[in-house]
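After this come two complexes, each holding chain A, first together with chain B and then together with chain C.
This part shows the complex of A and B:
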C-alpha cells in the first residue's frame, strides 16, 4: 500500500492556493492588504487547527487577534489555541464566539477572572497551564502550531522581519511553525525598504500585513520607586545581606514586583556599604527593569539577557551595549525561550513572589475565582537537575541540602537557590500563608489532573518575609519545614499557630534568621536607602536616556 | 485592612519592669492610608498601657498578638502608648512601635 509522505506540504500548498484565489490582487507577493486580513484567515485556517496567536507579557499581535474574532464560526471552529499569554479580551472572545474550544497556555494576567468563569461554564477545555519552556518545547513535539499569527516591528518587500527589541516568543513560534508545514502570518507596524536586521528570514514567513496601528506593548516591568514601602526596604536588606552576600550570588533572576525593585535600588547604597560590589549580582536574566538603572550606572552589572524589552528603555539599552544583548543596529534582541533557558540552567538564584504558600512551601497564584497562570516562575523557580557547571552559590546550597545524606541522595551536587519573598499579609489583609492552597479546590472544580501549583515546595530553598528568612535547605523533616514556615509567617493564622519553642530552636540553629540575627536594625529600613525614590530619580540616573511611558510621568 | 466608617477601640495593659528615664512624649508615623501614628507618653503607674483606635474592624486578635510581642521585647513600665491606625499591616505596626521606643533611655 502506498503512503503519502508529504501530506502536510500538500495541505500547505492547498491553503496557499486558496489564499491566492480568495485575495486576488489584494495579495502581492507575501503582502496582504490590511482590509483583506479576515478573508485571508478564512482561506488558510481550517477547523480543528492548532493556532498560535502571539500574545506575550508585553508584545501583542493585537490586530491579528481582532481579525481572528471576526471569522465565521460556521466556517472556522474548534480551534486549539496554543499561546503563552492571554492578555487581550480577544484571546478569550474566540472561545466565547465558538471559534476555538481548547486552550494550552502559560499566563493569563488581566484575563484571569474571565478565564475562570469561562472554564467553569465549560466553554474552554484547558489542556494545561504550562511553564513557558514546557509550552515552547511542546511546540516542537506534540503541540506544533498549524497557523501562527505573530507580531513584528517591520518588514521589507520580501517579507524579512525585524522584531525590534521585543523579539520575545517570536523565534520559538516561527521556528516550530515554519519547519512543520505550517503557515506564518505576521502583522507589522511598517513596511520599509531595508529592515535594520533580519530577525525572521522571509523564507519562513508566508503573509505580511501592515496593521493600522503599532502593536500593543505593555510596560509590565516598570515599578515606581515612590510606591516602595519601608517594609519592602527591610526585606530587601535581609535579601542582600542574608542571601545574596551569604551565598555569593552572581547569576540571578528577579520576578516582577516592588519587593525585588527594592533590592535593585539598594544595591548601589546598602550593598555598597556592605562592600559587596563585584561580589554579588553581576550577571542577570532579567527584563530591562528601570529600577536597575542606578546599579548599572554604579558599575554593579556586567550583563543582562532579557525575555522581552521594556517601554521607554530603548535609548538607555542602546547606550549601554556592553551590558545588554544588542545587535549591530544597536537595538535589543530579547528572546523568551533563551532567557528562560538561561534562568533555568545558568542562574544560581531566583527570587519571586506569590499569592499563597502552604506549610510544605508549595505556592500558587491560582486562587479561587481567578486563574492567572504562572509566567516564568515555574522555570525560574525550580532546580534544573541536568545542570553540571559549579559555582560557589550553587555548591553551597547543594551542600546544605545534602548534609548527612548518603547514597544517591547524598551524592555531591549543587542546587539552585529559589527564594519566595512575601509579606505575610497581602492587600486587604489576605494572609499569604495558608493551611491549604486554593489550587486544590480549583483542581477539583476544573477536573485538573494536578493542583495548579506555581513553584513546588521541594524546589523552594528560602522563604523571606518581613519577619525573617527561613532556610528550608537546613530542614530535615516535614515538621521542621512546617515550623520554619510558620516561624516567618507573622501574625497570620498560620504564623500564630507556631510552636514557639520549636521556632526558637530553629532560630538557634540558624534555620530561621531574623533581621537582628543578620545584624540589621529594622529602624534603619527607611526609604532614604533607595538609590532612586521616584521615577524622576530614575530618569536622572539614566542621564535622561530612560523615557518612562506617560502614565509614569508624575512630575 | 477592610474599610469601615466607624472606628474600633481597644485597650491592653501589661505589668512592666523597665522604667524609661524622664522623657517628653514621642510621636512617630503619620495617620494615612496603610499607616499609623504612635505616641508614647510617661505615665504615673508601673504598667505599659496601650490604647488603639483603628479604622479597620475585626482584627482584635492580631492586635493582641502584636502588642503582646511588643511588650515581650521591651517590658516597659510607666508608659502610655496611643495608636491611631489607618489600616497598617502588623509589620508596619511593629516597626512604628519599635521606632517610638527607640528614643527612650531605659534602665536594663
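This part shows the complex of A and C:
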C-alpha cells in the first residue's frame, strides 16, 4: 500500500517549481509578468484538475479567463470547472476548446442557451447545479478546487489582496483552495505599496498578475425607476400592506427586479403613510440597490449586509457606514457566503420572482433550451428548518402553516415567509402559471435526476400577482392549494380554469386577498407614489453621492 | 432629523482615543500590556454594547473572560452577550455580577444548569438559542457585535493573528465586527516576529494582549475505545450495514460520542469485511476524531473538513495533509462556519444522539432545570431544502419519503438522511423514549415561544436503537410513525406500549429492521471487532503521531 500521505503537498511543490523553471525572471516573488500568464497556467495546471475560475454574479476574473482559453488542450484537458457563475463567453469556451469537460456551478444567466447546447452536444458533463452556499459547502467536501483563478482590485508586493467592494465569492474560494494544498492565482488591477485593507492575506495567495485592464464588473442590481409600471406599484402596495405589515417583517432579502425595486421605492411614501417606519424592513441581506436610497435617507434602514456591491454606489456606501458593512478604508466588504447564510438563517422573508409556477406552487426559471441555474434563490427561498430563534413574523407564518395538523407535521415551530411575486403574464404574453413546468421536459432532455425546480411548492408561503395574494400557508389540501393559485392567476388558462365557488370560499376565509380586501384602492396605485421616478431622482436623493454608470444616465 | 450617517465610525474613533489616553505607554501600536487589559476594557466597552466573548466548543478566550468579569458594573453594564458557547464560569459570572443582562447563544454544555438558574432569577434575559451557523448569520444582520474578545495562538508586531488548528468561530466573529465599525481585541499565547501563517489579517484587529497562560482548549472529541460497549458495537454494525451501505453514504458528519466512535472503529474491520471500502464514508465534516485514525490509515477517508481541532492530533494531522485541510505551516485550518455549511449542504447523512424522543420523532437534549442549546445539531440534523445537487443516498431517501404522495409534498426531490442513534435506556435507567418531551415543560417554565426541540420529527429519517432501525421515511401516517418508534423502543414504557400486530406488519414491510433482518448475528457484536480497543491502540495505529492528552493515558 502507498504510505505517502502528503501527495498534495508534494505535487504543489512540484507545480511551484515548474512555474519557477518556466517563468525564470518573469516571476519575481509571487508577481508574474502579465505576458507570462499562459505559461504560468501551463506550468501549474494539470489535466483533470478541479479549477475554480472566479465567476461571480458581478466581478469576473476575465483576464485569467482569457488566459485559460489560450492553454494548449493537448497539454491541459479534462478540467473540472467548479465556479458559481458562468458569465463570460470564455467560461464556456474552455469546454468548446476541449480544455475542460466537467462543470459544477450555480448560475449561468446569459450563457444559459449556449450551455444547454454544449451539454446536448456532449461537450460538457454537468455534475450538478447548486445554490451558492451549497457549492461553497462542497468546496470543503468533495469539490475542493486544486487551482483557483481569482480577481482582486489590488495587491501589495507580498501578495496581500484588496478586493474593493466586490469581495463576493473570493474568501470562500481562496480558503478552500489555499488550505488543501491547492494554488491560488490572482489577477489584480494594480500593484501598490500598501493595499487599502487586506481582504485576502498574502499567505493564501501563490501568484499575482497585473491585468492590462480592470476586471469586468456588471451593475446587475440597478433598476431605472422610470421603467416601473403602475401594475408594479399596485403589487408593491399589496406586498407592503398585505405581507410586510401583516407579518411585521423586519429582516429580509430582496433580489434583482423591478417588482422589488417598486417595494423599495414605496417604503418612504406609501409605507410612511401606513405608519410602518421602524415596524418593518430594518435589516437587509441585499446588494446595495440604488432603489433603496430613498428609504435609507428617510431612516428606514438599520443595516444591510451584501453579497456583492453595485457600481456607482461606492461613495454613497462610504458616506453611510452606519448602514453598510464597510472596512477601515471606507469601502464595502461584501461576502456572498455570509450573506447567503444571513439570507437562509437570519431573514424572515424572501421575495423572488419566477418564470413559471405550477398548480402545486413549484416554480422555476428553467425553460426549454436554456440551463441557467438559480443562484441564491433555493437557499433563501426555502424554509430554514434548522432555525431555532423566534421572531413574530416567523412564528405567525409557522402557526398558520400548522394549525389543525397533528403528529410530527403539527409540532409547533416557525416558518420562513417565501413569496413569489409575479405578474400573471410575462414577456411576450407567456403565462406565468402553467399546468406543467418546462423543467420536467428539460430534465428529460438533459438526463437530470430531478426537474430543475427553483423553489418547491411546499416552501412557498404566498403568491402575489396583480390579482391578489394567495396565502398557501392556510391551504390544507392539494385542491385548496391549486385553487388558491388559480385564484390569483388572472386571465391565464390556469386562472380561467378556476372553480369560482371554491375561489370565493378561499377569499372569504382570507386565503386569497384582493387589493380591495386589503383596503387598497387601485386608483391610488400610480407612479406618483414612487419616492424616485427616475435615475436622476435617485442621484438627487443620495445628495449626489450615487453615481450611476453611463448606461443608466440620459443627462 | 439627525443627518449623521457615520456614528459608528465616529464612536469607534472615540473609543480608540479613550484607549490611547487611558493606557498611555502601556499601549504600543496594537499591543496592550498584559496588566492593562481591564483598563482597556473600561476604555473601549460601553454599557449596552453587544459583545462577543469568544467561547467556542473547544478554544476559549479565557484570559479576556477573566478580565471582563473585573470591569466595574457601575461603569459597564447591560452588555448583550452574543457568543456561540458558554463554557467557562466567567461566561455566566458577567451576568451574576451585573455586567451583562442579555444573551444570545448556541450551546452552554456544562453551564446549562447554572444558566437555567440565572434565567429563573431574572438575571439573564435570553434572546434566543441558535444553531451555530444561524448565530453567525445574525452577526451580519441584527446581532452584530460591537466589541469582540477573541483568542489566537500568536500575533506578530502588526497584529496579524495565527490561530493554530483551532480557528473555529474566529473568522466569522472578526469579519462581522471589524467590518461594521466594531473593535476586535485578541488575547494571544505569544507575540512573535513572524506568525506561521496569517489566519486573521492585522487590519481586522485593534488590540493584541499577551495572556499569561495559553488559552484553554478542551479535547471534546476524544473517546477512549476501552469504554465502548458491545451494545454499541451492535448498533454500529446496524448503522454500517443498514444505513451507510443501504444508502451508499459517502459524505457525512459524526458528532461527539461513543456510538459514532464505534462506527468509526468498525469501518476498517466490519466495513472491510462487507466490501464497503471506497463505497461509503469517503468525505467527512468532522472534528479530527482520534477514533477515525484506523479508518484513515486503512485508506477509507479522502477528505475531512473540521469545525475545530482536537488536542493531541496535531502531528498526525500534519503528517496526513492529503486528508485534512491544513495551512502552509502544516497545521489544521478549521472553520466552524464553513464546516457547518458543509454539514448542512454537502453531507448526505447526519447521525446524532439525543436524551429524549417523543412518539412523533421529535427529539431534544433539553431537560428540566438545564438550558443547554443544541450547537450544530439543528443545522445538520434538518433537511436542507435549498439543496439542489443529487447523490444516490439523497435521491433514495427522497424517493422513499415521497412515494405515493401528491401535489407539493409529492414533488420529487432528495432528502438528507438524519439518524437518531440511541440506546433505549440512558444513564440511571432513564428511558430515551417518552410520551412528552421535557422540552414542553421547560418552555412553559422559561417562557419560551416554542419548546426547545433539537431535531423535529419530520426531519428524522431513521431511529436506531439496540432493538433495530425504524425507517420513518416509509411511514405515511402519524400512527405508523408512532408504532415504528415504539417498535424499536425496547423495554421502555413507550416500547412496551406498542401494538404488536402493527409493529410486526411494519417489520414485514421493512419499515422496522432488526439486526437479524439485516443479516447481523448478535454474537458477532463483540469488542474484538473494534479496530482499536484502547487509547494505546489508537496511538499505535497512528504510528506514534497521535499524542493523547494526559487524562486519556494510563501508560
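Note that in this section the second predicted complex is superposed on the first by the 553 of 555 C-alpha atoms of A that agree within 3 Å, B and C clash if a C-alpha of one lies under 4 Å from a C-alpha of the other, contacts with A are read in each partner's own complex, and residues count from 1 in each chain.
Basically, contacts are C-beta pairs under 8 Å (C-beta built on N, C-alpha and C of every residue); 3 or more make two chains touch, one makes a residue touch a chain.
Only a predicted model underlies this, so the values are computations on that prediction, with no experimental measurement involved.
Within the superposed three-chain model, A:555 lies out of touch with both chain B and chain C [touch as defined at top].
More residues of chain A are touched by C (comparison of chain B with chain C).
Residue contacts after overlaying the shared chain place A:466 against chain B, while chain C stays out of touching range. Contact with chain C, but none with chain B, is seen for A:450 once the two complexes are overlaid on the shared chain. Once chain A of one complex is fitted onto chain A of the other, the partner contacts of A:429 are limited to chain B, with no touch recorded for chain C. Residue overlap on chain A between its contacts with chain B in one complex and with chain C in the other: absent. Of all residues in chain C, only 1, 5-9, 104, 127-131, 133-134, 136-138, 140-142, 144, 160, 172, 175-176, 178-181, 197-198, 201-204, 250-251, 282-283, 285, 299, 302-303, 305, 319-323, 325-328, 333, 335, 337-339, 341-342, 344-347, 360-362, 374, 378-390, 395, 406-414, 449-453, 456-459, 478, 481-482 touch chain A in the complex they form.
The touching residues of chain B, counted against chain A in their complex, run 1-2, 56, 59, 61-62, 65-66, 89-92, 95, 98-99, 102. Interface residues of chain A, counted against chain B in their complex, comprise 229-231, 234, 423-425, 428-429, 466-467, 490-491, 496, 522-523, 525.
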